[in-house]
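Okay, so subunit A shows up in both of these, paired with subunit B first and subunit C after.
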Partner chain A sequence: MFEQFLQFVINGVVSGGILALPATAFSLLYGILNFPNFAISAYITAGAFLFYALNATLHLPFWAALSCAFVLSGFMGVGVDRAVFKPMRGRRHLTLAIASIGLSFIMENIVRFIWGNELRSFDLPVARALKFGAMRVGKEQLLILLTAVGITIIVQALLRGTRLGKAMRAVADNPMLASVKGLDSEQVIRRTSFIGAALAGVSGIMVGVDTIVEPLMGFKLVFSVFAAAILGGIGNAAAAVSGAFCVGLAEEVSLIWIPATYKSAVGFGMIVVVLLLKPSGLFNRQTAR
Partner chain B sequence: MKTKQRLFRKPWLGVACFSVAAFFLFAAGPVQAQEPIVLGTLCPLTGAGGPYGPGMEKVVTKVVEEINKNGGIHGRMIKLYHEDSQTNPESAVRAARKLIDVNKVNAIMGTWASAVTMAIAPLCWENKVFDISVSGADAISELKDDDYIFRTQPNSNLQGQVHARFALKSGWKKVAYMAVQTPFAQTFGDAFKAEFEKGGGKITDFVIYEANKASYRSELTKVLATKPDAIELMGYLPDSTVIAKELYKIGYEGRLLGPNYAINQKLVDNVGAEVAEGLYSIDPATNPDSPAHKHLKQLVADADIHAYSTQSYDHINLIALAIAAGKVSSGTGIRNTLRTVSNPPGQEVGGYLEGIKLLSAGKKINFQGASGDCDFDDKGDILSRPFSYYQVQKGKVVTIGRLDK
Partner chain C sequence: MLSYLVAILTFVFIYAILALGLNVQWGFAGLVNLGHVGFFAVGAYTSAILAKLGVPFPWSLTAAVCLAGLFGILVALSTLRLREDFLAIVTLGFSEIVRLFLLNESWLTGGANGITAIPRPLRSLFEQGYDVFYAGVLGIVLVLLYLFLERVRLSPYGRVLRAVREDEVVAAVAGKNVFQFKVQAFALGAAIAGLAGAFYGHYLTFIAPEIFVPLVTVNVWVALIVGGGGNNKGAVVGAFILMGFLESTRFLKDFIPMVSDFRLAAIREILVGLFLVVLIIYKQEGLLPEKPVTDRP
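Up next, the complex of A and B:
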């Protein structure tokens, strides 16, 4: 009985791991650009399909394809920012958010146009899970967890330790003051867009490894990602990871008590509760924005 | 003098009146005979039903080509409009609106998913458009549709019983039922449960899960904790693919049975032969020995002939014969005359060209289709269908048996 509970917890942690990367990307982008960038669902899908093109079509091995897809997703993010969001700098948050939704539709359909609607899988072997007593942890799941934890540590180091990280935090906090101090906010935005899109792309690859690849895959995740980012505290990239694990755990563990039909309701329920009780998120200080 | 001057002052008015009068005089007559008969298809070209839609659309196109080449229906050509339902109710409703309001079709053929058919059904009966589909949900029979909604797929109640009997025959004692959220998830499950328990089996779990989720790990953890011998998985292709992979990773040793529209060659190609080995599936069978099926083989390539495109062949032939018999091409006309050409008594025919010869000679016909007898009850459901059993063996979906009505 306890082992079964533990299995749910493991499932929840893994789910959280899948959500951690896009939630971090989402929060990073929100922090710098000051609006919820829903095009993240398209970055997830595009990253997975880029990996598919490299891995299944061009037959590159896993790590080579992953690195290439990471870089390509990043450049895609920069390109999208320059084409769509740069002309709209300074517009209201709502305008930009709506523009990002429209952008996600366009990008999703470009993917559909090139690759079609069919389900695909990567050219990777499906392996049996590792057994710990009565519990199962898949090898892919461990990989996803390690990647999520590893990248979180790297992002944290980036934000706290490097000049870019400090610049990102400065621009996020007060763009005008930052530019007075001589920070090139456009350059910071470019680099953040690269990192955000690249992270989202890698998370898309993880989802594809775990499940299937199809044009809707990013869209299916975006609400849980949004919930995770809000839960952690939107704009706080470190807290986004904690938010992701909370959402993942809640969605999976809740299945012990509620029917599977209502799984999505848990994520939405959490958004509602958090926004009602502590809108700045569980881990953010109350800041006036 | 004055009158003449007044008319002369507005010559355009006279011309206008004359034109309107001429239009009404001539419109009612010969123009009617040349007016094309407008029909529409709303097949799943993309989405979960994507493997089947293109074949369905192609079959209807080819049959219509043949009919038009042979003089159309009483001299009127059939004009076809095609739309993609995307196996998605929202998109399908938009497409159906376009077909009905813009293209003014009299009938819509080929909706596949039950959710799609349920979504467009009110549009059809409100606009007196005839609709015939390949959807299975019981709920479709219960619609207050004024008899405009027909289908050639056996309902989910019957399908549930057939699956349960297969499970009993295979010697499975404990089965867990898992289904994706659809209009028939509950009714199929209830029918399956009732029949399986009647035969002495035990249902260990009954789970209806959401579509479009990235993982089903916890749902499966819960189900496998009840230790079933086999899982009855009524999913669609995307979620069934994910679940099949998950079960393999978890190390599940039991059996799995599902519908052939989900557990098909596409799933096998996606998960690989090792993961898919031994998976069972069932689908309504076709009538390969019927004259209709043989005729269908002459029209399209074998790759396009499957459980749903055979039904499409029957749909277009039934509609064409109904229009020919009743000499009215509206949706209401088709509805009123369809059973006169589909149900016995009558001379059995397998296609439009055969049927029109007999109809013109004043004889009554009974269309026997490529998918089955195509005899409809008063709710627009078919009376019976044979079924086929399949299993994945060494990476290929293989037919292992058949259940005739």
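Up next, the complex of A and C:
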């Protein structure tokens, strides 16, 4: 029983690591552009399929395909921002949220048009799982966790230590003041769009390494992403990471009590509970607006 | 050909009712609902399940409207005191939870197989022409609902909702209980979606979770925005345009041969999404922009 519990905890940490990436992305985009970007689900899916094309079709090795997919996803995010969100700067933020739903439909169906609805998996060597007593840790799971944690650390360092990070926080805090101080807010938005879409794309790849890729994979993950971001305190990228591990653990450990078919309801339940009890989030020192 | 037109008209009426419901929330009160299909599904399943148990149509319809409205109240209560963005996320989540419930609770909903042989009200009275009758009844329901919502829009109540939409602080300063008005508007819109759902299920005689997908919500948004949010006429006109658009994409097959079915389906969804995004960017006020309401003498 205890070992079964530990197994769920291990799985939870891994899925928390995967969630940390898009949760950070969602919070960054929310902070800068001030609306919930529902297209993040399509960014996740698109990243996974870009990797699929590079890895399974063009036979690039893992790290080369990952790097290429990262960069391509990022440019896709910049392009999407230029085409859809830039013409709407200054509009009511809810209107942008509705547009982002339409956008996610467009992108998901482009994926469906090209690759169809089949479940696919990457072209990766099958590795034997490491065993600790009755617990199993797949080599893929270790790879996912290390990659996710590594990227998360780099992004957090970028946010805290560099001029770009400072500029992003300044624009998120007060766009008017930032532009008075001579910051090019469009440039900050472009870079944030790049980082956001690239992070979401990599998380899609991680999901694909762990399980399978299909056009709805992003949409299936997206409520957990929202839950992580809201749990952390929406718009706060550092807290989103803590939120992600909480949501990942809660989703896996709850499988002890609830049927797996309702797993995706756990994230939604957490959203509602947090919004009712502590809408500013659990890891946020600022107050909710 | 006639039966095709009657069927299309029935779907137009259903979408018009859905769009009118969304218009109460978004057009009147400025509340974003990305899970309209969830309330639609609650209405359809409630009425269908009760009807299969032998409950007469008027009562199953009433129950569907009430239950959808009740869910509207619950969803609204959970987030309406917070930033509007949270409502967007929670409504979308709500519709997915509804779909999950419909898929998994087979004892009640039939699971993925759905519910079949839903009785059609007054079917036995008609030898033929039942579909025309049903479309006629639905048309009357639509007209009544339209007239009712026009009254709401022009009433002092509608004025308060618009005030809440434009600036809730001002509305609150003027002594209005903003929260209460928002909950009421959201619940009314949800109940209207439930109404549409009940009529939809009894018309199709078959419902399943695969019908109640997020695409339906996107369709309703297209209808509302193309017609013009904030005025009821726009919502109804938008439903006609939407259905014309959806039906015309069916004929894509004739123009693009050699494309498999899943690709055609993908193209149709891309077009719907593109339609929505382009509309929002370039013509947000729609074909029939909301006119300022002046007090009648």
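Keep this in mind: the second predicted complex is superposed on the first by the 285 of 289 C-alpha atoms of A that agree within 3 Å, B and C clash if a C-alpha of one lies under 4 Å from a C-alpha of the other, contacts with A are read in each partner's own complex, and residues count from 1 in each chain.
Heads up, the rule we're going with is that a contact is a pair of C-beta atoms (placed from the backbone, for glycine too) under 8 Å apart; a residue touches a chain by one contact, two chains touch by 3 or more.
Here the structure is a predicted model, which means the values were calculated and not measured.
On the superposed subunit A, the two partners subunit B and subunit C do not both fit; they clash.
Residue contacts after overlaying the shared chain place A:264 against subunit B and subunit C alike. By the touch criterion stated above, A:110 is placed in contact with subunit C alone, subunit B being left untouched. In the superposed model, A:255 lies in contact with subunit B only, and not with subunit C.
When the two complexes are overlaid on their common chain A, residue A:35 makes contact with subunit C while staying clear of subunit B.
By the touch criterion defined above, A:94 reaches subunit C but does not reach subunit B. When both complexes are overlaid on chain A, the residue A:23 reaches neither subunit B nor subunit C. Of the two partner chains, neither subunit B nor subunit C is touched by A:205.
Contacts of A:155 after superposition on the shared chain: neither subunit B nor subunit C is touched. By the touch criterion stated above, A:247 is placed in contact with neither subunit B nor subunit C.
Residues 112, 116-117, 259, 261, 264 of subunit A lie in contact with subunit B in one complex and with subunit C in the other.
The touching residues of subunit A, when paired with subunit C in their complex, are 30, 35-36, 38, 84, 87-88, 91, 93-95, 97-99, 101-106, 108-110, 112-113, 116-117, 219, 223, 226, 230, 234, 259, 261-262, 264-265, 268, 271-272, 275-276, 279, 288-289. The touching residues of subunit B, when paired with subunit A in their complex, are 46-47, 50, 86, 181, 207-210, 212-215, 217-219, 221-222, 225, 237-238, 241-242, 245, 248-251, 266, 270-272, 274-275. Those residues of subunit C that touch subunit A in the shared complex are 30, 32, 34, 78-79, 82-86, 88-90, 92-94, 96-97, 100, 103-104, 214-215, 217-218, 221, 262-263, 265-267, 269-270, 272-277, 280-281, 284. Chain contact summary for the complex, subunit A toward subunit B: residues 4, 7-8, 11-12, 14-15, 18, 112, 116-121, 125-129, 131, 136, 138, 140, 207, 210-212, 214, 216-217, 220-221, 251-253, 255-256, 259-261, 263-264.
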